[in-house]
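Per-chain residue numbering starts at 1, and chain names A, B, C and D are given in the order in which the chains are listed.
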Amino acid sequence: MDSILEFIVGRYNYWLYILLMMIGLYAMISKNNLTKKIVGMNIFQTAIILFYISIGFKKGGTIPILEHTSHAVEVSHFVNPLPHVLMLTAIVVSVSTFGVALALAIMIYREHGTLEEDEILKCLEQ
Amino acid sequence: MNEIYSIRPLWVVLISLCAVPLIISTKRPNLRETWTILAGVLKLALVLSMLPDVLSGSSFSFNILTLFPGLPFRLRVDPMGLIFALVASFLWIVTSLYSIGYMRGLKEHSQSRYYAFFAIALSSTMGIAFAANLLTLYIFYEILSLSTFPLVTHHQDQEAKASGRKYLVYLLGTSIGLVLPSMIYLYMRFNGLDFRFGGFVPAGGANLPLNIACLLLVFGFAKVAIMPLHSWLPAAMVAPTPVSALLHAVAVVKAGAFSVVRTILFVFGEGFLEGSWARPTILFFASATVLIGSLVALYQRELKRLLAFSTIAQLSYIVLGAAMLTEHGVKGGILQLAMHAFGKITLFLGAGAIFVATGKKLVDQLEGLGRTMPFTFGAFFVGALSIIGIPPMGGFLAKWELLLGSCQSQYMGIMGVLLASSLLNVAYFIPLVYRAFFPSFPVEGKIREAPLFCLLPMLATALFTILLFFFPYPFAQLISGLWSQLLGG
Amino acid sequence: MSGTMTYHFSVILVTFGLLLSFITYAMTWIKRSLCLPFAVLSIGFLSYCSFSLFILVIERGPFEYYLGGWPPPIGIAYYIDELNAFLSLLVYLVALINLLCNRERFLEKQGDRIGGTMALYILFITGLNGILLTADLFNLYVLLEIASLTGYALLAIGDKRQAPFASLNYVFLGTIGACFYLLGVGYLYIKTGSLNMQDVSRLITQIPKSPTILSGFIFILIGIWIKMGLFPFHIWLPRAYTNTFGPISSLIAPLGTKVMAYVIFRVILFVFGKEFSFEIYSLGHVATLFGVAAILYGAITALRQTDLRRMLCFVVITEIGYIVAGLGVGNINAIRGSLLHLLNDVAMTFCLFLSADHLIVNTGTKIEELKGVFQKTPFGSSIYVLASLSVIGIPPSPGFFGKWYLLQGSLEAQNFWVFGAILLSSLLNTVLFFRTFEEGYYHHTESPSYGPKKTSLSAYGGILASGLLVVLMGLLAHPIVGHIVDPFLLRARLP
Amino acid sequence: MGWQIDLLILLMVISCAIAAVEVKDLLATAILFGAYSFLMCLLWAVMGAVDVAFTEASVGAGVSTVFFVGAIYHTRRRTKD
């Protein structure tokens, strides 16, 4: 029992990122409004960024910035900075995706006058 | 036996293909048809130029490309291929000349397209004749199916659409669905598909997958129209008559028969087939096709359909001959390939000439026409006699060999099949010709023959049918050359 | 050009691609009419670079290029071998021919926004090219997103009612796919601490049974499968490719999915390795299942379509099925077939979409509107027939060779599901294409005034070039296998 | 105090996410989404990813929200779900 609890509690970050992903997916699949879907998509992306940051995180680790060190650097004291760097790119990517998606949504609105998926589909079938 | 490495076979294949751009780009009909004839004559000359060497026992070969490891795209001229090439290239000229009369007589549309695809079809026929391995043969076989499609559906009407669909479903369906898997299996197993006298499949006929592969190949080459894969052939009768002549006498069906003979003799060979159950199956289906085809022909009212069913029956002779695997059987089968071509083309050209001159298609309408069109019906009579197998027509030689072959083989029943079929041939041809000359009612009118362009080619093929009986020189020589190679290999 | 310079082409292709696309856009500020010629020149230059890179690889064998001279695992590496160099060349050729062929139509449709369109066009192929050449898993993600984002924007051009909505749907699925891929890379990073493909693959062999690695494997696979439109992740594909502007569909349909298919091979054979994928975790069964399902679904659904381009989209789904099924069979001949089919399919699909687009311009998008089109535009129709026959697999077209290897491989593995599915789909494709041929062929009119719409010489040239590409790929099938596919398989230690 | 704050922020992130998705007013969605992004920044700052947090604060929370509000301005604010 303890071990299960530990398994759950010890990795709560991972559980929560999965939860966030699920929220994002849920919004993308079941929401009718395209803007909501786009928000869901963005939540989905940030969840993955969270996951990456969690990879780099170490208990008791600190910010990976070195100040004038005279002694040897102990790696385990620092958070792994590589995922951070990667995520900078990923954030930019997610914002661009967000932008493209919103632009498309505006195009759709101009054509159909609505952003509700069911109404658009009805419109397209005619 | 020595091998001559030469590009000549490739030229034979390519020469009519080279004519295609000329045919399409030329606007004036006379010039366009000159190109066709010129290509035909050149092709025949090239084929003939290889005859002396092949007769003396050498063979020409040419590698074009490598397709798969150990499997080149290769041409090779051996006696059997040369027989087919000779027949096809000679009859192409005849059909082309005839086409000029026919197409102009009926003022057909899209004549450039017609001649262009005719040329492509001939190229692929030559490719089939000279293919050195199964894959090369398959490639040309597919091109032939596709290039004859616009010819079959030349009229572009509803009837042509239905027939064209049937034509393709049968031919492409069987080649993709049956031939291809079998070929891949053989390649996987033997790492090559080169034709070899006596087959590359080792002896021992009990192997189940190999038996299946053999049947897939024989039935997959559906151009040979063994029942139950025959019904594309009568349907393809909607085509203009020269096309039917090409389909049923020269290129398409003979390509199928040729492929089957190649399969039986050069892929599987005597060693394998001797003890296999594939051989009795083939013999059974071929015999059934001979009998049923002839019987159905009796009940046809349309002349071209009658000829189609007659063709179905006659083609299976070739298969029977090859599958008998006796000396005379094989010789007879290959001889039939040539002789039937001359006989049947005469008949088709006759049917076409009747249609051009009188517009009549049905058997009943022919009554008394022999009086007004003596030359046409004379030629028709010669063709019919050759198909029946009565001397002095070329067809007799083939039948004679086949009968001899069946005596040699363990399957004596085949002899009965051949004789019964001959009687049926008599039954559907002779009354037809008889009533044309001796109608049951008096016929008035003067002689009104078909156009000269139609008449001359027909008379020529009729003449050849007779001549071949007396001088079967190149064919007989080639066939005995082939047989000695078979024994040697 | 000296050899050392040519090495740098590997990075120049990507960086200059990015740069040139921005310059192309900047041209709008000077003179808008300069954009398109400049784009042509840029792609021409990039094609030249790609070609010399290809020649170099053929001559000297594969090599790694370190960005800025930093070796991995610190720096980003580009890895160029025969296969991806060839594929990259194909990408540029397709892009170049497509642009030249559809010059007028781009100007007509996007006249006032030509700068942006051309910039996206170049950016898209640059992204694809980066995906092909990179040896870094994260770099691949970034380039994948570059290609995808520009792809979304390009696909939104076209039918105003349909295209943006279809494109947005693609955005959703595409993003999920890319995120799954990223997630998978993260899992690999947890265990290996590296993003370099070679490095990761070396480390994976030491810890093959870790569930983390397995999760990474599964996420990456699903991510890429979504991006390549494998059934049942294909739902975005038909809608997005059908409703877009014709010249865009003939660019993206052949390239997008095929490049992703290449990534599958790269990841499975090079990063995870054959033992991991096939022997420890039986990927073979899964891939066979998905592949066969895709083949049959694509072939059967295509028969039900009434819209020509939508029908072709399902053909694309079938082709993806071939590639995955061949991978699933897993022996050398099947994978050889898959890879060859992938290469050929770029040419075939391109030719098919380009010529079909020409027919659509002359008639309409519905198959029944094709009536008499063979007589109307015999040249475009004959190229369309050529491409279709290649897809069916009539020898000696390229499609035949891929299918041959696939069939042979599946027969050797006694995988009769794949064998049967390929044969059946070939037959169904025959029916499918001959249905369109019949529409085009059997409507003969005698009136001589019945001609094609005004089509420029360059359009004809482009269609002809795409046809020639198909023919060449068919004739050169054996050298392609020998010099491009086989070395790749050899390095994957496949035989 | 590490993990308590961490967990607290995480729970707030999740409630923001759920709220953003469920609210019927799109402008409220935009605001909640912005809040979500900012909380996410906070989380990352706690985890030592300062650079990522900065970027997300400016690009993710800032620019995205501006985009979003702009998009809503061009389309409609109310939604059925």
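General observations
Operating definition for what follows: a contact is a pair of C-beta atoms (placed from the backbone, for glycine too) under 8 Å apart; a residue touches a chain by one contact, two chains touch by 3 or more.
None of the values given here were measured: they were computed from a predicted structure.
When every chain is reduced to the mean of its CA atoms, the largest separation from chain B belongs to D. Relative to the centroid of every protein C-alpha atom shown, the closest chain centre, again from C-alpha atoms, is found for C.
Averaging Cα coordinates per chain places chain C and chain D 37 Å apart. In terms of their C-alpha centroids, the spacing between chain B and chain C amounts to 44 Å. Centroid to centroid, with C-alpha atoms defining each point, chain A and chain C lie 29 Å apart. Averaged C-alpha coordinates give centres for chain A and chain B that are 70 Å from one another. Listed for chain A are residues 83, 105, each touching two or more other chains.
Counting partners per residue, chain D has no residue that reaches two or more other chains.
Taken as a graph of touching chains, this assembly forms an open line, each chain in contact only with its neighbours along the path. Across the whole structure, chains are in contact as follows: A-C, A-D, B-C.
Only residues 2, 6-7, 10, 13-14, 17-18, 20-21, 26, 29, 33, 36-37, 40, 43-44, 47-52, 55-56, 59-60, 63-64, 67-68, 70-72, 74-76, 79-81 of chain D touch chain A when the two sit together in their complex. Listing the residues of chain B that touch chain C in their complex gives 65-69, 73, 109-110, 135, 138-139, 142-143, 146, 150, 153, 156-157, 160-161, 164-165, 168-169, 172-173, 176-177, 180-181, 184-185, 187-188. Of all the residues in chain A, the ones that touch chain D in their complex are 12-13, 16, 19-20, 23-24, 26-27, 31-33, 35-36, 39-40, 42-43, 46, 49-50, 53-54, 56-57, 59, 61-64, 79, 81, 83-85, 87-88, 91-92, 94-95, 98-99, 102, 105-106, 109, 114-116.
Those residues of chain C whose C-beta lies close enough to touch chain B in the complex are 389, 392-396, 401, 404, 407-408, 411-412, 419, 423, 426-427, 430-431, 434, 438, 441-444, 446, 475, 477-478. In the complex of the two chains, the chain C residues touching chain A come out as 138, 141-142, 145, 149, 152-153, 156, 160-162, 164-165, 167-168, 171-172, 175-176, 179, 182-183, 186, 189-190, 195.
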